[in-house]
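Two complexes come next, and they have one chain in common, subunit A, joined by subunit B in the first and subunit C in the second.
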Partner chain A sequence: MANTYEAIATVTVGSGGAATMAFSSIPATYTDLVLKMSLRYSASGPQDMRLTFNGNTSAVYSMRSINAAGSGTPGSASETAQTSTWLGSLQGVTASTFNNMELYIPNYTSTTTAKSISTDNVNEANQTDARSFLVAQLWNPATQAAISILSISVASGTFVQYSNATLYGIKNS
Partner chain B sequence: MPKTYTPIATTTLGSNSTSVSFTSISGNYTDLVLVASPTTLANGEQFTMTFNSDTSSNYSATYLTGNGTTATSHRRNTQSNIIVDYYGAVDTTVKTVYIFNIQNYSNTTTNKTILITSRTGYAAESNVALYRSTSAITTITLAGATFTTGSTFTLYGIKAA
Partner chain C sequence: MAQHKLIVDCSTGVITEVELTAEELAQREADATAFAEIKAAEEAAAQAKAEAKASAEAKLAALGLTADEIAALSL
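Then we have the complex of A and B:
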């Protein structure tokens, strides 16, 4: 039986923290990518996370999202022509509590089509502003390219020790 | 990682098609995952899912949708198919992301629940559907839109052990 769901690489943040978490030289030997993350940051209050591909910071990213906070009316938001794409926010209030997030990127090696991404981001923190985010993102550069670099950053502060991310490759045959 | 995420079949369209089916699905797995990344002939086309060629009123679904402005929820009961997303829809040029998780698809004692992740240029949705049948699922059909060349559909089998 083929092994079609393989761990490509894991990034774990050390004691000094990290401003970004990145995967580079992503092999083109799979069909889809899955990124699973457990993240916490060092600043106070909710902080936005952003994603770029291949170091591209042109205004070619867009997204639509739905979010819920456990009270009030769920919200929805969108962005167009951004220099990175929004992944939802992180909560850092409750000690020793990490946010869970998963990205799914089909057909990441295509050199002819834009890349659509599905993101689920949840942060339960036993306080009033825990949130869940479901996000549809698009990276549509002027010249389409296979994704070989993936970089995640947080708007303020750093990812703290023990934050980790594992990138998986999925083969369809 | 156990070797349980097995590709059963994959379809990459070489020409436009109004339906895509996976047939003769074996009962060897616990769950099924279907990953679809389609484009369609016209903007805003929605498509449906049915099982075992059953178009009786055995389907229902609940939708959680964010279209970029507002968040809403909807229901469809006693339907002849599952409309995959309520507000989201496929695009002519941008490949969208659909992930279907079909739990316990081969059991013959309970109805089947399907979790649908739909992420398109029109909306982000997470939906749940029910197929009220105790038959094992052996055929999956996506239809109702004209899927265009290059659209991809892959069915994976997941084993619990």
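Then we have the complex of A and C:
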């Protein structure tokens, strides 16, 4: 990993599980953000994961994805004018097995441009229901703003114990 | 059972656990419903495709093609 990465904060889920993990007061001192996650769902799944910024739930999120599973035909999906954006799905189908996901968010401090995000999500399951997703998302609020709050949720059930997320800041120097 | 949110304050590193608000719970329910609808549509499409494939293979067999010949078509 490049030495310009700096860990900002980590969240690890405790024994009670959590429906949402959020990072607040994100410093505006970097050029890009990277969120790396190891997650597991409380049921077999798959289940939907969603992302919001700054607590904004207006219909200003869009995405396009390509995805594939261990069997069947690869697919694609898209959404426009959503109140959150899709991150792919989450599994809990195989015991003690966690899913891997990374979000890349360049230019997150801009107050003039929409924020583009790329997501790389792998639902490891060690069986045919394993899935992978590449998702391109856009957050385009009416008034552009720096990202100071980032929130990841699972649509039902919870992230289980030991699921964790670390937010990194990247500087270009 | 109450649903919780873990929030880490990046300026302090302090993590707090709070219950989801009514608005967040409503959003979560809407997301779950939407996902269930997408999954149902995907499964229906896969089922329709499988049935169409079986129908096509049966018609080819009725025309006299062997199982190996039908398989060679990579339907």
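Please note the rule applied: the second predicted complex is superposed on the first by the 169 of 173 C-alpha atoms of A that agree within 3 Å, B and C clash if a C-alpha of one lies under 4 Å from a C-alpha of the other, contacts with A are read in each partner's own complex, and residues count from 1 in each chain.
FYI, a residue touches a chain if its C-beta (ideal position, glycine included) is under 8 Å from a C-beta of that chain, and two chains touch if they have at least 3 such contacts.
Note that the coordinates shown come from a computational prediction; the quantities given were computed from them, not determined experimentally.
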Q) Which holds for A:153: it touches subunit B only (first), subunit C only (second), both, or neither? A) second
Q: Check whether A:47 is in contact with subunit B, with subunit C, with both or with neither, and answer first, second, both or neither.
A: second
Q) With the two structures laid over each other on chain A, which partner does A:99 touch: subunit B (first), subunit C (second), both, or neither? A) neither
Q | First, second, both or neither for A:84, with subunit B first and subunit C second | A | second
(Q) Just checking: does A:75 make contact with subunit B only, subunit C only, both, or neither of them? Give me first, second, both or neither. (A) both
Q: Look at A:16 in the shared chain and tell me whether it touches subunit B only, subunit C only, both, or neither; answer first, second, both or neither.
A: second
Q | First (subunit B), second (subunit C), both or neither touched by A:27 | A | second
**Q.** Touching partner for A:57 - first (subunit B), second (subunit C), both, neither
**A.** second
Q. Is there a shared patch on subunit A that both subunit B and subunit C touch, and which residues make it up?
A. 75, 77
Q: Please name which positions on subunit A make contact with subunit C in the complex.
A: 8-11, 13-14, 16-27, 46-48, 50, 57, 72, 75, 77, 83-84, 89, 151, 153, 155-156, 158, 167
Q. Given the complex with subunit A, which residues does subunit C contribute to the contact?
A. 3-13, 15, 17, 20, 23-24, 27-28, 30-32, 34-35, 38-39, 42, 46
Q | Residue numbers on subunit A that touch subunit B, as the complex places them | A | 1-7, 31-32, 62, 64-68, 73-78, 104, 106-107, 112-114, 116-120, 134-138, 140, 170-173
Q: Please give the residue numbers of subunit B that touch subunit A in the complex, ascending.
A: 1, 3, 5-7, 10, 35, 37, 64-71, 88, 93-97, 99, 117, 119-126, 150, 152, 154, 156
